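Below are two complexes that have chain A in common, paired first with chain B and then with chain C.
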Partner chain A sequence: MPDVKGMDHRAVNAFLRGTDGDCTLTGCCGQRFIAAGMSGKHIRIEGVPGNALGAYLNGGTITVMGNAQDAVGDTMNAGRIVVHGSIGDAAGYAMRGGEIFVRGDAGYRAGIHMKAYREKSPLLVIGGTAGSFLGEYQAGGTIIVLGLDSDKKIVSFFPCTGMHGGKMFLRSDCRDIAFPSQVTARAADDTDRADLRKHLHDYCAVFGLDPKDVLDTPFTVVTPDSSNPYQQMYVAN
Partner chain B sequence: MGVEYLTPEYEVIRNENRCIACGVCVRQCANEVHAFLEGTEKIISDDAKCVDCQRCVSLCPTHALKIVKNDCRLRENANWDNDTIREVYKQANSGGVLLSSMGNPKPLPVYWDKILINASQVTNPPIDPLREPMETRVFLGKRPQKVERGADGKLRCELLPMIELSMPIMFSAMSYGSISYNAHASLARAAQALGICYNTGEGGLHEDFYAYGDNTIVQVASGRFGVHENYLEAARAIEIKMGQGAKPGIGGHLPGSKIVGDVSRTRMIPEGSDAITPAPHHDIYPIEDLRQLVFSLKDATDYRKPVIVKVAAVHNIAAIASGIARSGADVIAIDGFRGGTGAAPTRIRDNVGIPIELALAAVDQRLRDEGIRNDVSLVVGGSVRSASDVVKAIALGADACYIATAALLALGCHLCRTCQSGKCNWGIATQRPDLVKRLNPDVGSERLVHLMDAWRHEIKELMGGMGINSVEALRGNRLMLRGVGLTEKELQILGIAHAGE
Partner chain C sequence: MTPKEGQVRIPSGCAIAAVISREGNRMTGERIIEAMKPMHDRSNGLGGGFAAYGIYPEYRDFYALHFFFDSRDTRKTCEAYLKERFEIYKAERIPTRKLPQITDEPMIWRYFVAPLQSVLRDLQLDEKEFVVRTVMHINTSMKGAYIFSSGKNMGTFKAVGFPEDVGVYYRLDEYEGYAWTAHGRYPTNTPGWWGGAHPFTLLDYSVVHNGEISSYDANRRYIEMFGYKCTLQTDTEVITYILDYLIRRQELTLSEAASVIAAPFWSTIEGKTDLEDKRKHIYLRTLFPSLLITGPFSIVLGFDGGLMALNDRLKLRSMVVGEKDDKVFVASEEAAIRVMEPDAGNLYAPAGGEPVIIRVKEGAY
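Moving on to the complex of A and B:
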């Protein structure tokens, strides 16, 4: 259980590459790129990891006991990142697979350009609220925002701009949210709730929540109207 | 829709005395220009569909066809020229943004053509490359700043990772999706045979081409298509694409119709879904964030891969390059405003960015002034058309050049500039299986190798003429260049004297 206080990111990652299986880092304070591109490790982090935690992550788990910063799980391919606190901006940017579970809030541009491909469908669950530009250019996967223990708007301005794939679930009736014209927002029906239950099973287990409490409230489902949003925009010259 | 006001741009002229109605033109044209007149052996042509790609002309066994510019013109007007008027008609017809392909065709200055190369006369001997060894090999990456010794007094010889090239040229980024499987196969094989690198572009790396990894530069663009750990690991180097000369400041939309089969698999997105490349990397807003992306890629590959940052040549390119050199990048690639593209809005392609010659000279000078030139290598493209362009670029300060249009020409491209249609009759910018198979990778790679072998020899001859026997010794040697017909200001930016001085 190494104390990584004062170590730079290169040293931290060199250490992680040399370990097998489980490992706990204590005293983490802002080291970037922790576990970037790694797989098959189960890392627990005490303290606050720096930007790009688990970038290009290819499997395994990372659990952060506190907050995390920007670009968590950037271009992640597989694995699971659990953050007990809140996360900064651009979480899950372009992630293609795996899961990011956040107990607290997310900053701007969470889930931007998330994708999906064949059996890969990423899942981003935010326990608190999300900042502006949630799911911008979303091309696949599932984003869920729960707004637990919060009076704030579930998501700030301009969610789903340019969304052309995937699905978003917001635990709110969303009357106070303005969606762009190219998506459809509707109240969740029974099928959606069955989906949600499945998606939230692990999340609730990880954070010790009762799924019934989480689900027993209106949800809004947002889907794009077209996977070809810009088809009509051009003329050949 | 009423009359569209668009007369055919080209005229298909068929010599009826020569035509044997064999139907080759009918079968070869994906634009469906030629057709048998129903119930007859006579072939007719619809000029309006012709893009002047010359496929039918090249394959007609009796040379019965030629394509000429339609001389039916609007009344001449130096301000409102024919193309400008047609563009207005097209937009009034459709409401669409004009979309073009390949590089800027406008008659803007080509500085390469206004720069002349020196040769030795009397004062020092020229070198004959047929007789004497000449070094065209270059290494791209950070140079060590000083000689370091260990505690035992021995030299420390660990170098940072570099890209070794047998000659100072690489095939520039063209994604699988914008060009065909066979085009990628040709580039990959040729790069391996030549000991240089090709570049995947932003569409991922097809599994069949992992075998060419040592000669592959993989690109990470804002859409992050096909970017995953194995992709990064497979490469010789990783290129972060911040911009492209043909379309600085904007992203791209590969239409869902081109995201089929292997293209979908390689990009790792569903079939039929548009591939949207956002204009910015959304994890890079100020330039300080670039460092984060550079090091996240280095960390993910355990510092074994050089990182290239590619930007378009724009107004403040020298300051931008200085920022990139300080971000931890190993190589800066700069793409000039004449660079090619599979599709870009016409207005952007033709009006945004600056010439690569000026950008290169400004960047090289700035990095020297700041004492950081050896922290990075410089690669320039857009557009480098010949061995003499390469030699001029190196003398202006480049470490190597990127070529793409020249490589496509070697593969059979006829520069008809309609890549965006996806109906490339030469099997290059298309995903239609019947068209793709027209490009044979055995032939394609051989032609690329021929082209580069010829350029390599020309580079040696040009260098030998100057009495220089290695590319490294030519780099930044601006005394070997003179300008013709350039203003004081242009000469000052290029850092060269006028011919006769």
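Moving on to the complex of A and C:
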């Protein structure tokens, strides 16, 4: 259980590459790129990990006991990142597989340019509220925002700007939210709820929440109107 | 010869941090230097700097002019110019420590001065405007001399290097201030010279900035109509002059100034239900359209008695705020706040365009 206080990010990652299986880092303070590109590790982090935690992550789990900073899970491909606190801006930036579970709030641009590929479909779940530009340019995957224990608006300004794929679930009737014209926001029906139950199963287990409490309230589902909104912008494609 | 800043433009990650005591308790610079260490990789060694408020209480009635000179002759010429306009209460080298990391030092001096009343009367200028004009004149016309700090009871300390080395170089552990700001630079548009490091200052206003504004030329053309001269092609300089113009000359409040430079979208203004607030935003956007700053920025403005932190309206840069007891902390990353105060609470990331204004209680600074 190494204390990584004062170590730079190269040293931290060199240490992680040398371990197999479980590992706890304590005294973490701003080291970037922790576990970047790694797979098969189970890493627990105490302290504040730096930006781009789990970038290109390719499997295994990372659990952050407190807050995480910006660009968590940037372009991750597989695995799971759990954040018990809140998360900075651009969480899950361009991720195309795996899961990010956040208990607290997310900053701006959560899920920006998330995508999906064949059997890959990423999942980002935010327990609190999300900042502006949630799901900006979302191209695939699923974003869920729960707004638990919060009286703030579930998402701030300009959600779904440029969204053209994937799906978003917001635990609110969203009467106070303005969506852009290229997406459709509607109340969740039974099929959607079955989907949600499946998506939230592990999330609720990880944070000790009762799925009934989480699900027993209106949800809004947001999807783009077209999977290829730029079809005729330049050439037919 | 390597081109100096202002002579070339190369098309920024940066790091900022700040701490202030609302009670006016003074702290040495050690804590803010530590805060820059976990953010080391945000800068590239081409600029680091600090602004400190409340550090010269024994000279509080004098403007503290910090100078870079390229030679003794330049200094002599400049001193002669100053003597005709100011009473020079004290002139000295700014103490530094020799460090292998900091090289190519200019001559670094400070002057505690008071404008001569006779000169002010002749020119019919108030004291602050006179100091501003002197700074502009020296920085644009006196080759080899550059004033990088000109406020009262505050000072800026900056150099080419990593911020944690710059802080040690300037012996900031020996100063005590009620507020500190810091910057680590990753210059993207200019080659990186001592004068181009942050903070940028004018009078007691200082700005540290992480970002890369895209409205630089539009802002510069507008602000230069009012006698400001942007000499360094760096966007932070223009932000500093805009804030001086809006706050000192137009007498806007800090939050009004924030609404001008990080104005909400028209659609956001349109949706406001507080009609008074809506009217105010329409008024400010209509009156100062050329002072809207677009592109990414997170800044901390230091001023006599307080700090204001602000993000661009799209929040294209990160910024976190936390507090503990009488202290408020601001930084690009939470890690930097944790270094200054492991138990900082009420941590939050202000929204784009939402100013965070912290003032020291009246009479405590």
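Rule of thumb we're sticking to: the second predicted complex is superposed on the first by the 233 of 237 C-alpha atoms of A that agree within 3 Å, B and C clash if a C-alpha of one lies under 4 Å from a C-alpha of the other, contacts with A are read in each partner's own complex, and residues count from 1 in each chain.
Assume a residue touches a chain if its C-beta (ideal position, glycine included) is under 8 Å from a C-beta of that chain, and two chains touch if they have at least 3 such contacts.
Since the structure is predicted, the reported quantities are computational estimates derived from the model, not experimental observations.
By the document's definition of touching, of the two partners only chain C reaches A:G107; chain B does not.
Contacts of A:N51 after superposition: both chain B and chain C are touched. Of the two partner chains, chain C is the only one that A:G88 touches; chain B does not reach it. Once the two complexes are overlaid on the shared chain, A:G37 sits against chain B while remaining clear of chain C. The wider contact with chain A, measured as residues touched, comes from B rather than the other of chain B and chain C.
In the superposition on chain A, A:E99 makes contact with neither chain B nor chain C.
After overlaying the two complexes on the shared chain, residue contacts for A:G162 are found with chain B alone; chain C is out of touch. Of the two partner chains placed by the overlay, chain B and chain C both lie in contact with A:D70. For the contact definition in use here, the residues of chain A common to its chain B contact set and its chain C contact set are 9, 32, 51, 70.
The touching residues of chain A, counted against chain C in their complex, run 8-9, 29-32, 47-48, 50-51, 67, 69-70, 86, 88-89, 107-108, 131-133, 156-157, 178.
Within the complex, the chain B residues that touch chain A are 87, 90-91, 93-100, 220, 222-224, 227-229, 232, 253, 255-256, 264, 268-270, 272-274, 276, 278, 282-283, 292, 295-296, 299-303, 345-346, 418, 420-421.
Interface residues of chain C facing chain A in the complex, by the touch rule stated above, are 38-41, 268, 271, 314-315, 318, 320, 333-336, 338-339, 347, 349, 351-352.
Remark: chain A residues 9-10, 13, 17, 32-33, 36-37, 39, 51-52, 55-56, 58, 70-71, 74-75, 77, 90, 93-94, 96, 109, 112-113, 115-117, 120, 136-137, 139-140, 162, 164-165, 227-237 touch chain B in the complex.
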